[in-house]
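My structure is below; once you've seen it, I'll send some questions.
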Amino acid sequence: MSELMPEHFMFLSAALFIIGMVGVLTRNNVLVIFMCVELMLTAVNISFVGFAWEFNQLTGQIFALFVIAIAAAEAVIGLGIIMALTRQRDTVDINQVRELRQ
Amino acid sequence: MDANLLSSYIFAVVVLNVLLGLMAYMTYFERKVMAAMQDRVGPNRTGPVGLLQPIADGIKLLTKEDIIPKHADRRIFLLAPLLSFVLAPVAAAVIPFGDSINVFGHEVNLYVADINVAALYFLAIGSMGVYGIILGGYASANRYSLLGGLRSAAQVISYEIILGLSLIGVFILSGSLSLVEIVSQQSETLNLGPLQLPNWFILSQPLAFVIFLIAAVAETNRAPFDLPEAETELIGGFHTEYSGFRFSFFFLAEYISMIIISLFAATIFLGGTDGPIRDGVWWLAIKAAIFLFFYIWLRTTVPRFRYDQLMGLAWKVLLPLVLINILLTGFIRLWGLGML
Amino acid sequence: MSLEISQGTPVEISEERALGGSQRQMVLNMGPQHPSTHGVLRVILTMEGETIVECDPVLGYLHRGVEKLGETHRYSQFVPWTDRTDYVAAPSNNLGYILAVEKLCGIEAPERATYWRMIMGELARLASHLVWLGTHALDIGALSMSLYCFRERESILDIFETFCGARLTTNMMEMGGFSREVPEKLPQMVRDFCNMFPEKQAEYEALLSANPIWLSRTRGVGVIEPEAAISMSLTGACLRGSGINYDIRKATPYLYYDRMDFEVPLGTRGDVYDRYLVRMEEMRQSISIIEQCLEQMPTDGPLSLSESPYVIPPHDSVMKTAEDMQRHFIWVIKGFSPPKGEVYQAIEHSKGELGYYVVSDGTPIPYRVRLRTPDFVNLQALPYMAKGAALADVVALIGTIDIVLGSVDR
Amino acid sequence: MAAEVLVFNLLSAVAIVAAAAMITMRNPIHSAIALVVTFVNVAAIFVMLRAEFLAAVQIIVYTGAVLVLILFVLMLVNQDDLPEFHGAKPLQQVFGFGLGIVLLIEIGAAILTRTVVAEPGPWDEQGIAQAGGHIQSIGQVLYSGYVLPIQATAFVLLLATIGALFLGRPDEDEEPTPTRRPVATISLAHTRGADDAPLPQLQAANVKHEAGDRDLIMARDADEFTSIPGEDDEQKERSE
Amino acid sequence: MSSWLFLIPLLPLVAAVINFLIGRWILRDSAQWIATLAVAASFILSIPVMLEIMADEQPLSQHLYTWIPAGDFDIPVTLFVDQLTAIMLLVVTGVGLLVHIYSIGYMHGDPGTYRFFSYLPLFVFSMLMLVMANNFLVLFVFWEAVGLCSFLLIGFWFRRRSAAAAAKKAFIVNRVGDFGFGIGILLIFVTYGTIEYAAVFDQVGDATQTTITVIALLLFTGAIGKSAQLPLFVWLPDAMEGPTPVSALIHAATMVTAGIFVMARAYPIVYESSDAMMVIAIIGAATAFIAATIAVTQYDIKKVVAYSTVSQLGFMAFALGTGAWIAAIFHLVTHAFFKGLLFLGAGSVIHGMHEEQDMRKMGGLKKYMPITYWTFLIGAAANAGIIPLAGFWSKDEIILGTWLYDHTVIMVVAFVTAFFTSLYMFRAVFMTFHGEERFDPEKVHPHESPKVMTIPLIVLAFFALTAGFMGFPPEDGWIHHFLIHSFPGLSLPDVAFSTIAVFAGISTLIALSGLYIQYLAYVKKSISPAGIAGLLGPLYKLAANRWYLDEIYDVLIVRPLVAFSMFLWRFVDAQVIDGTVNGVAALVTYTSSQWRRAQTGLIANYVVMIALGAVIIIGAFMLFGSNLFD
């Protein structure tokens, strides 16, 4: 492996994605889960950018750009919901939020 | 390692050290100017006309006890000032201090790096710099500090947007994000009828310049936007609990960001090293000094904003203005290109 | 950052209120060591974000038992203690107590002394207002203002120093007048100050009144409704800022204020800016009063009621006549005994109505001395104004009430 | 170019370690800091992958805005109540890590057996240099083929802003504002705090204009501008 | 011009949408101008279309988009304009424009104006699309759309119980016809494998005679509903509950003629089946006669005009059936003008009489509303077939057609009907405008309508006067040569002038006799209408009670239907279906209450499930979809 291969970034992307997923699955704090989701999005972005690099295309980068933009929107709404949640329920523990049941 | 890279490294070291020295005398400059404005003398005991005062201050700060509050989040408490201090001078890497010069037969570029996204890099580093303040505020386990950190977070995010957007007009005109390119465009001559003016972007983007200036003051947490520290409300805000050299790191970082944002403003709007006679780094220094004087002037003159007024100013006044500026600039640019 | 407080204090109650409430509420302990509480005031703020939900001022960090001291000292011995209540306007405090005791004794100071008392009182008002302006502006962030104000205050302190030798704790007045002749250069000093000051005041206004940030920080902030101002028995600029025409100098004139031509400024909205304007105007009126006093003052005449049994005999006659020396001896050893009775004397202090309530049981030591200090009463308005305000406003509100903790805590 | 690989490996290692730290730290603030480290490293990797613009955007948007916001919220929430201080459920952890390992194996296999080959496009280093730089090339691609998505994204951002405003709006005030009680003395000069309410009729001589569109009323008498409500009523009755 | 075709229907649609969305809050009264301007623009755009068709004699078409692409089969939305459509375009937009202008005055002050002016252009849009369709499916869609608009507009004052009921009745009765229509279209598709006009008409002959007959009759079922033929005409008189401009536009000038239009459009199919044509002719003749007899007995001015409409539609229908295609379309056009005029005139009378519709409470209005009187008179004369007004030429031609194509019986019926037409028309004129004033002058102050209402009347009156000359000389006029292109295989009959003259003479005599009788009855009072009614006894009663059609429907259809529905409700629905449904629901409830345990409401669990699903799917893909284990 004397040169930068596509496998490099693919494994990096996979690793970050899986770490993010494990974080989502194991943590209780809504905010940490939120951060893990951001990490997963970034992992996907690495894939996009990496493939763009591999094939000398810019489409992947543009996709990543859109992902970042949407992630920003998601962050705004997500944090807004979390703030509303803490205001109403006084908690950020995901195990104490059961509103989805009804 | 190729010679170009090496010379860049060397130049970076030079810039860093000059900045640190400048920063020390920035405090002296501030105190003297403030004293003059407030009918006082200012430092005059240490050395001739107090010239050794910054050094004395530095020694004092470094030898003072480093207090860490009991309930502080120790690791972050130690990390935060370093973060601030390290990130502050990094942004200077993209500022062009002139064309290349010949030193011992080597071409040495008078900038550390000419990257394609220099302006974005500057903004990115600026947006990272706030972490030191937020984390410092959080880690101190003091509610004043926490409030300072919170205020800083909200303030920097808001004004980062204004700062970035105010530059877009310049980018539209210059068609580049590279500061070297922007400076070289400003050294051209603008013919306005009988007038021959330098093509400085302050002339074509006056509104953007004013907004940039306001946002830059807010971005560096200086009066009248010094809410994160606000001595009379938050007793220093995020650095309430810091002492000794950790405090001096915050202190240094603030002054370095002031200097760098002044350099940046001079580069973007005032033509950088371009001057009426003998272009060179001295012109940049003079322009930056004007900005620094303006900073101090503001501090001695105006009261502090309230938090909601600060946010209102950003979102209700500056943001619409800056958007209008972008729109106008875009239309004028298209018109100039004959596309309208 | 926990508060260590004993059981059952109001502080704890407010802590509990905060903790029992939502997580969004945060308790911020402002003071007693805080740069903008003007001393050792402690304010416990319950906040939601930057908005104040509850504001509890905690007093007593500078309590020295001044009233009790008044009951253990002879009438004349208590005068220096009054300096130490509102220490930024010491002559006014002297004046209030002296007037109360004089009323109790039924004596009145000679004309020239009364004019000088008025001059000193107005200068004290100016000195106090200058401290207020400087610190108030400093709290809001106008850094240079405090330095400018203290520069001018220096001239007033120079006058005090020339007059009595002390700058802060003047102790310049006595029953029946002044104990010393006025230095010759003093009238000229006062005149010079009166000539110099309006110019400087215009500078302050140029720096503040025209500043949009100052306006936005003060206008519409800390509104006190006139009804509320009355029901909280506020006095001074806090009351007049709300548009209520009550100035003791006009309502129940003391000294020669009925001879003076001056106007009482009244605010129209009752916010911080109105109180600022009222105080600024009061400074102009004070200058005018001082100038009128200097004009009307008789050039010579006694400065003290030397014949009265309640007054210490002048130094010269003590040295020359036996009666006076006897009187002096008794006056110094035993003090004087006013007739039995009680008296309340209020003066318009720079911060509001400063009242002294003195009860005499015929002994040289007062039975009871009660101080009605204006800023203690005015401080009630702080929680009223702070509710719903921002954190940054609290310092402006403390500033606008114009408290001196020595006077609040006594 | 072994150096490139070395740098890449270094950056990736730091990123992965920081990411792992993020999910294991008990204190969410520490997690956030770890995430900052990851993001900065990812940005550096973007630079290596010819995506300077994205690197800058990554830093500005993710670390400069999103994570600052997260920190902001974290700091607003009382630390003592954070759930991680009470520990996670072991079953949850086993499940999470198990799934993670299975997915890692799957994706690893997929990467190693990857056969997809696409036609290389024109945007190699020369292509980008020809367009005048990275920004210019991104701009060309973005604004030639993706104008509608940009507008859609802008719309999404707008909606998100409105949504956030809606979510963050303050609760309605439940307490009714107390009604004013009549008191003994009412000043005619005061206009009840409203800055735009007209002043009562005053003689011009009594009004002093001050800066900031304010008037001061100059009283020369103790009785001016003050009425006692009871007296007024009596007078009214008498006149009636 | 063909590239601008889409604007003709689009503008009214845009106006309708704008008015509907923001009319209530923002536009309010200005909604009427948007609608009127849009329809005016459509009308102006229609003129060059007409001119181009006249010049080129070639149909125009514009493909807009493909509506339903499904493999080989797709349904394009293509605008198609031939001679027939061009005439319809002008009629729809022209009369539509006048009605819009009229409505500005008529609807003034109504709180629902914005709603009215969004329905009305929507109707114009639907009608335009209906006539411009190039295949049966789009035709059907807009066929239903005009039905919907009709429903909405009849029930415009939905707070009025009778209006709501009338709207419902119109809608339901139309559904009966549309059901047949839909089946007809399906049958076309099944038979020919396509529903585009051109393709279908090319291969009409490929199907058996029976199939063609069935298709034609099924299509005619739709026309029976929409064009108010026997036995489904009962809805049309009730539809007069809607605002009068609606009656003029939809229930006289345009929508009800859609049935006639469709039959003309389907000419190649219908023409192939002589049986179907026979049925159409008989039904048309019966409708014309029955409606005319009813009209004579009615007292409500709008009902008279409504039954007149039904009768005239019958004329058109039997013209189609007898083979006088062009005459039918000719009559359609002239009828649009004079019937629109009559309705608007009636509306003007009603408006001037403060919403009074009963002719027995009118009389002598001539001096109060002269413009209305004269225009109404022109309309009535045109309808009655007084030479040389529009109705005379077209109606005479229809009657001539019956003789030409050897339908003697129908010819006799037609003459009788024409007599009745004259009777009821002049009865209405004389009762309303002549004679003594039977209204209460204290309460009612008749007045002439505002200019926005009278100007359309004058314009329409002008057309009612002159439109007939399109078809002059009979069977050889401009319209015949123009429309013949739409009816390939049809040739203009060569008729001797003497024949034409004889028929014209008879028609005129019949019309004038009707006029004279009514003149005697209501102006001179020498004949007592009541006496004649008593003389005719049961016959009069029959006509006055609308031939008991509503009652017959009630007994034959409504009551059994209600009874059956009750049965369905009480037993089938309540017992069988509900039982089943409830049982299933109970089962589902039970099952879900068990399953519900899986729904913890904990986001964490959901996330685990998502992750698990992802892992399984990727795993499955790796196992079966990749070359991993190859």
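A, B, C, D and E are the chain letters, set down in written order, and residue numbers restart from 1 in every chain.
In this text, contacts are C-beta pairs under 8 Å (C-beta built on N, C-alpha and C of every residue); 3 or more make two chains touch, one makes a residue touch a chain.
Quick caveat: nothing in here was measured; it's all calculated off a predicted structure.
S.K.: Identify the chains in contact with subunit B as well as subunit C, in label order.
M.R.: D
S.K.: Of the pairs A-D and B-D, which shows more C-beta pairs in contact?
M.R.: Higher C-beta contact count between the two pairs: A-D.
S.K.: Measuring from the mean of all protein Cα atoms shown, which chain centre lies nearest?
M.R.: D
S.K.: Could you state the distance in Å from the CA-based centre of subunit B to that of subunit D?
M.R.: 22
S.K.: Starting from the mean Cα coordinates of subunit C and subunit D, work out the distance between those two points in Å.
M.R.: That pair's centroid distance is 47 Å.
S.K.: Roughly how many whole angstrom separate the Cα centroids of subunit D and subunit E?
M.R.: Roughly 60 Å, centre to centre.
S.K.: Averaged over CA atoms, how far is the centre of subunit B from the centre of subunit E? Could you give it in whole Å?
M.R.: Inter-chain centre distance comes to 76 Å.
S.K.: Which residue numbers or ranges of subunit A touch two or more of the other chains?
M.R.: 21, 24-25, 28, 86-87, 90, 94-95
S.K.: Hey, what residues on subunit E touch two or more of the other chains?
M.R.: Residues 604, 608, 611 of subunit E each touch two or more of the other chains.
S.K.: Please set out, as single numbers or ranges, the residues of subunit C touching at least two other chains.
M.R.: In subunit C, the residues touching two or more other chains are 23-24.
S.K.: Which positions of subunit B touch subunit D when the two form their complex?
M.R.: By the definition above, subunit B touches subunit D via 73, 75-76, 79, 115-117, 120-121, 123-128, 130-131, 134-135, 137-138, 146, 149-150, 153-154, 156-157, 160, 164, 176-178.
S.K.: Over in the complex, which subunit A residues touch subunit D? Could you list them?
M.R.: These residues of subunit A touch subunit D: 1-4, 6-12, 14-29, 31-32, 34-36, 38-39, 42, 45-46, 49-50, 52-53, 55-59, 61-62, 64-66, 68-77, 79-84, 86-87, 90-96.
S.K.: Any idea which subunit D residues touch subunit B in the complex?
M.R.: 27, 29-30, 33, 36, 40, 43, 52-53, 55-57, 59-60, 63-65, 68-69, 71-72, 75-76, 133-135
S.K.: Quick check: in the complex, which residue numbers of subunit E touch subunit D?
M.R.: 604, 608, 611-612, 614-615, 618-619, 622, 626-628
S.K.: Which of the residues in subunit D end up touching subunit A in this complex?
M.R.: These residues of subunit D touch subunit A: 1-2, 4-5, 8-9, 12, 15-16, 19-20, 22-23, 28, 31-32, 35, 38-39, 42, 45-46, 48-51, 53-54, 57-58, 61-62, 65-67, 69-70, 73-74, 76-77, 81-84, 88, 92-93, 95-97, 99-100, 103-104, 107-108, 111-112, 114, 118-124, 127, 137-138, 141-142, 146, 149, 153, 156-157, 159-161, 163-164, 166-168, 171.
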